[in-house]
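Letters A, B, C and D mark the chains as written, and numbering starts fresh at 1 in each.
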Amino acid sequence: MKVISVPEYCLGCGLCEIYCAAQHDGYDGNVLKAYKRGQPTPRSGLIKFSQISWLNTCMNCDDAPCLNACISGAVKRDEDGIIYIDENRCVQCYTCVMVCPYGHAQPSSKSGRIIKCDLCRDSEGIPACVSHCPNAALKLVQGGAEQ
Amino acid sequence: MKYVIIGGCIAACGAVEGIRSKDAQGQIIIIDGEKRGAYTRPLISYFLSEPSKYSDVDYRSPDFFKDRAVETIKARVELIDRPGQLLNLDNGEQIEYDRLLIATGASPIMPPIPGADQDWVKSFYTIGDAETIDRDIEAAREVVVIGSGLIGMKAAEALFKRGLKVHLVEKESHILPRQLTPGAAVSVHRHLARQGLDIITGEEVAVIHPDHQIELKNGQKLSADLVIMAVGTRPNVELAVAAGLEVRQGVVLDDYLRTSDHKIYAAGDAAETLNVISGKQEVMALLPHAHREGYQAGRNMAGMDELDQGSIPMNSVKLLGWNICSAGVTGARDGELLSWYSKEQLLEIKVRENYLIGYIAINMPEVAGPLTNAISKKIPAAAGEWQEFVERGPSLATIPSAYWQVLRRLEANGSN
Amino acid sequence: MKLREGEVRIPSGCAIAGILNRSGQRFNGNTIISCIANMHQRSNGLGGGFAAYGIYPEYAEQYALHIYYDHEKAREECEYYLNHNFNIALQGPVPLRRQAKINNAPIIWRYFALPKEGRLFQEEIDIEEFVFRSVMYINSSISGAYVASSGQNMAAFKGVGYPEDIGEFFRLDDYSAYMWTAHGRFPTNTPGWWGGAHPFTLLNWSVVHNGEISSYSTNRRFLEMYGYTCSLQTDTEVITYAVDMLMRRHGLSMEDTVNVISAPLWEDISDDNQARLRRVYSSLLLNGPFSIIVATGNGLMAINDRIKLRPLVAAEKGDCLYVSSEEGAIKVVEPSPDRIWSPGGGEPVVGLLYGKEKLIEPEPKIICAQSA
Amino acid sequence: MGAPLNTGFQMSTPVFKVDRDPDRCIQCGVCINQCANEVHHMDNDGWMWIEDEKCVACQRCAVLCPTRAISITDFPVIYRENSHWGSASIREIYRQAESGGVLLTGMGNPRPYKSYFDHLLLNASQVTNPSIDPLREPMELTTYLGNKGSLITETEKPFLKLKVPIMFSAMSFGSVSLNVQKSLSAAARDMGTFWNTGEGGLHPDLKEFGSCAVVQVASGRFGVHPGYLENSAAIEIKIGQGAKPGIGGHLPGEKVSEEVSLTRMIPAWSDAISPAPHHDIYSIEDLDQLIETLKVATGYRKPVAVKVAAVHNIGAIASGIVRAGADIVAIDGFRGSTGAAPMRIRDNVGIPIEIALAQVDSRLRDEGIRQQASLVAAGGIRSSADVVKAIALGADAVYIASAALVALGCHMCQMCFTGKCNWGLATTNPGLSKRLNPELGIQRAKNLLAAWGHEIQEMMGGMGINAIDSLRGNRLMLRGIGLNPQELDLLGIKSVGD
């Protein structure tokens, strides 16, 4: 599974980032609380590329470079095929960052450890970015990207 | 089919995964001379910096081999009998093989410096080394690290974090000589020096005196309770040489990761593989490569005929808070150098005919991944796009559109 | 002021029944009275009636006009009109049996008549169309006059009361017919007007009907475009006119007529003719619950609405065909039928005299729409 | 000659007031990047400010704000009103004194004229006949439009088959975005009904939807060529539009993008003005000729519709149109919408569709020609109940446009003519029109038709009717409430209780 963008219909409004941030770090989707009380950090960043934009989500690659490159075993794949970060194991070497073709996995500005899209695997339902996109420019689809 | 792998570390793990991706039944035997199972060598510096926190350095879960029906024999191989397709082990056993993988790794180089044979002069390559040093520095206050490659730098950082006074001696003109240009090295050097690391470049150790005085060639003397040797590694090719396989610096392989004997493959730090930038076979002793080569060799051993795609030299390292990523060619002779910098950030890229061939990114993790990939996948940009990337300020949004098109992020339907 | 039926539309429930002897053998009215009386509970004493075919063999070529008058002035006016347009072979009051259960009967006369040749020539229309227009004229333009039936060798006997009492009142035991239909009515208010009772007839058509046509206004407004004046505001009137228009004026076969008034669902229509019929005559789809018996001198057709929201049972015994709202009513007059069945929605039960192939013949002329 | 004033000063206060609750605002910037009218701003130092006078109350910011921090209200300073001079009248005079121009507007007549649909009530079966449960019994909505003829023996004329008696009304590419047309055309195809190109030609991307398109031929003849006529389900001659009877179309130059210009076959960025009349139709016999011409041009294989605005003498007009050979007559009531119209025309010309429809249906029946043409009612249909009422009054089907746009996200700000539709509908700006993802639009439009279809079936079932044919012109199913005898008579219905 992965979330893909449809740049043709991405408005660049940024709601995906906002809801992504509010979904993680224990804010449980409460945008107001996340932004008023905390330091919400989106897992996926919006790329505004001249006239078009898209959300730079994780492709959960079949042969994932990050997973293969991680020196500490912090990058893991769960039974659903979702690649996620075991933050306790991350030593911040950024090897995964260096090999991710999408520039998706990035260090958290708070902890320095790597954060990435985990398809909101800790929450019910579809990922927050998909469910809050006002224009269906994000889709949850099966399969991973080839690398 | 019976697979035998000499060596039990990263490349071996990759090979097991590769074999099992095609052959669920074949017998796999790993012959591993190390006491410890597969662990992540780069983690030993983290262990050294904070042993309680980083005690777990295993590369895979403890049941990794068992789950994949792999038999492990703790022994050393004395001889590869190619005509008989047999291995002679130091415990007297003989093991037959249908396919053999040489994944013997590398060993640290101990330079012939007078006094280097004293017991307080240590190499820093295995977890065993790290554990020894950890014990020895309980009473130590000062340390000299010889060599400022990645191992040396991480050793120096770990010991510095443990509260020791660290002297770093590099014979080249700047630190991280294989990774950084002189220009990029300056800022890293300053950053580390500001933190309190004593870095001496362009200088070599002449003698290590028994009185814990380390004399440099310029006559300067440093005192140290401990000396760490980190001047590089060399592939473990003795078995291959003895078996009559073709060996240069490492074991020579064809495009399918086969040695000159097509029943024998090699992968990891002992092997020479394709550097897609130089187009040459080189030893690139890096963990991600070891896994990838092992995996590919494993698949081919299991009957696939897949060309090895090759790889590029690349490194990511964090030193006292600074992240340094580099990949591809960083030497002065190749391509056009474009650079961008702001406070505590630096990006240097090397461009040759619209192709990116190398980069150094200091504290710029955002763009590192796509740049690495642009080099390794040889994705051409339109004329001037790399220049524009640097001029407009490097970011994902300024990466050449050709790159995103190859990743199919810019297609109209947006689907992958 | 209370509006009489014809000025107001009154929904009602009903019982219907019909018996046909296909060999043309005639039998008196007691049988159909027993049959309809068995369904007493389906009526409420506010309407009952019968149609009888083959009762006037001696005047078989004449149009038997049974006309109800509210008062003598209406009779005078109507007879003036009839005398101007028809050659009347015989006229007089319909024989009645006065008895306590039937009150407020109108003046009931019958005329055996044929249109005057000269008038037909003037109007340039055929004889049936002339009679049709005359009936329309009398019903809509002569106040207090109402044509109860206008066919040949047939008549309708109807009024306010239980059907068995109406049968008694009209001395139906004195008549012999090869086909009888009957109707018992359960209107939801007090119509008190004899014209509103069933069967509804036009020319040789008679219709008895149980149900309420939800499409009434659609059907009526469509028929009005073709010169039908719906003076009664009853569903039965609309059904009769619809059948008349389709079969007599537009020349549709019985099957095609069924495909219009009780059209199959679009999803069940496969042939283009059926689809075409639905497209052209979509406004004549009789929608809502009904079971009806449509009769002509040739026989009868009983049919349900297309999803069978009202009861209809049919039975056969020898030459006789029975149709009724309830099985019990048939069993009263024929305890051991050869076959008894319940036809599906939109599935017609057709009974014709031996030797007849259609409900009406000869081939009718097609008369196109006319502007008002 | 009018001329703009040499000052930016404006007499009027803003119409709307935009409030941002600082306790809720997280400065995410969605409001800023979503407002094409540039109401919201944030300085580099994080200071946020608002220009109320630019706000059109389209609600885009309020709807997308993730913390519901934004609310839009009427600006609280009201004019010194009296019962004759409302604030709108006063404000409009200020605007005209400043611009010297005709007041333009969009969407339908918003004035508080009587809405007859709201004075009609439907019947339902009780006891004397059963209502029908649409969940268990078939309930047919299939509708055929065209000249049905009176006799089965006649050669059948071409017709349209609708699975639901609702079509999407004319909205040209240019007045609306291509994505709107993509949404409606695919929804029409999937739901078995039709969409209408409007007077703007057929964009090449929509070629495959020609088979479910009613292609319009209007006074400007924009985009009309043989291939356009051929690639269609039916052809509609547009004489008039309910929002602006008596005047032509007006697509402001700002909306005539390159693509619009190619599709319409007119110069880019210039106003596209359709003449008020067809200059080849100055009388009814001319219409006859144009209808015949279009039929000849398409080999008598397509029904030809004529669309007129509901005006005073609509009964006679419609009769003439049918006698001129139209297979379908579309009547557009005065609530009908537009992408751009002079406000005075929109608000003061035409008559309600309910009355017009009843009159036309009765007139055609009186003349015995109702079978020769189908009637399509348009202009202000808001719900399935309006559809049922229109059909009971005599329509064969209805056109919806405003309702379809609302389904796609329209918030009725009436600013279509500016080309800055924040919902991406009435615009050709690529950055704005991408705001309607047709994938969503198609589903929303389909859902609307499906929902209305279900509701129509429920209402029909209640009346004991299981085919829409039996609802058509079934005025006994209607009763008037709060209508005077003359209105009841004009509608051909009885009062409640009667």
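One rule holds for everything that comes next: a residue touches a chain if its C-beta (ideal position, glycine included) is under 8 Å from a C-beta of that chain, and two chains touch if they have at least 3 such contacts.
In this text the structure is predicted, and so the values were computed from the model without any measurement.
A.B. asks: According to the touch definition, list the chains common to the neighbour sets of chain B and chain D.
C.D. replies: A
A.B. asks: Set chain D aside and report the joined-up groups of chains, separated by bars, or one piece if nothing splits.
C.D. replies: Excluding chain D but keeping the rest fixed, the chains that touch end up grouped as A, B | C.
A.B. asks: Where the centre of all protein Cα atoms falls, which chain's Cα centre is nearest to that point?
C.D. replies: D
A.B. asks: Going by the touch criterion at the top, tell me which pair is linked by more C-beta contacts: A-B or A-D.
C.D. replies: A-B
A.B. asks: Go ahead and note the Å separation of the Cα centroids belonging to chain B and chain C.
C.D. replies: 102
A.B. asks: In whole angstrom, how far does the Cα centroid of chain A sit from the Cα centroid of chain B?
C.D. replies: Roughly 28 Å separates the two chain centres.
A.B. asks: Go ahead and note the Å separation of the Cα centroids belonging to chain A and chain C.
C.D. replies: Comparing mean C-alpha positions, chain C is 78 Å from chain A.
A.B. asks: Cα centroid separation between chain A and chain D, in whole Å?
C.D. replies: 43
A.B. asks: Return the residues of chain A touching two or more other chains; collapse runs of consecutive numbers into ranges.
C.D. replies: Residues 6, 8, 137 of chain A each touch two or more of the other chains.
A.B. asks: Using the definition of touching given at the top, classify the network of chains in this structure as line, ring, star, complete or other.
C.D. replies: Drawn as a graph, the chains make an open path, so a line.
A.B. asks: Every touching chain pair, please?
C.D. replies: The list of touching pairs comes to A-B, A-D, C-D.
A.B. asks: For the complex, which residues does chain A have touching chain B?
C.D. replies: The contact residues of chain A facing chain B are 2, 4-8, 45, 47-50, 52, 54, 56, 59, 65, 68-69, 71-73, 89, 91-95, 97-107, 137, 139, 141, 143, 145.
A.B. asks: Quick one: which bits of chain D touch chain A in the complex? Just the residue numbers, please.
C.D. replies: Contacts found on chain D: 24, 26, 28-30, 33-34, 63-64, 66-67, 430-431, 434-437, 439-440.
A.B. asks: Can you name the residues of chain B that touch chain A in the complex?
C.D. replies: 14, 40, 42-43, 46, 54, 56, 58-60, 287-288, 291-292, 295, 314-318, 323, 325, 327, 365-370, 372-373, 377, 396-397, 399, 401, 404, 407, 409-416
A.B. asks: For a test of understanding, state which residues of chain D touch chain C in their complex under the given definition.
C.D. replies: Touching chain C from chain D are residues 125, 128-130, 132, 137-138, 140, 142, 144, 148-153, 156, 159, 365-368, 370-371, 463-467, 469-477.
A.B. asks: Spell out the residues on chain C that touch chain D in their complex, using ranges where they run on.
C.D. replies: Checking each residue of chain C against chain D gives 9, 11-13, 188, 211-212, 214-219, 221-222, 224-226, 250, 252, 256, 263, 265-267, 273, 276-283, 285, 287-289, 306-307, 309, 366, 368-372.
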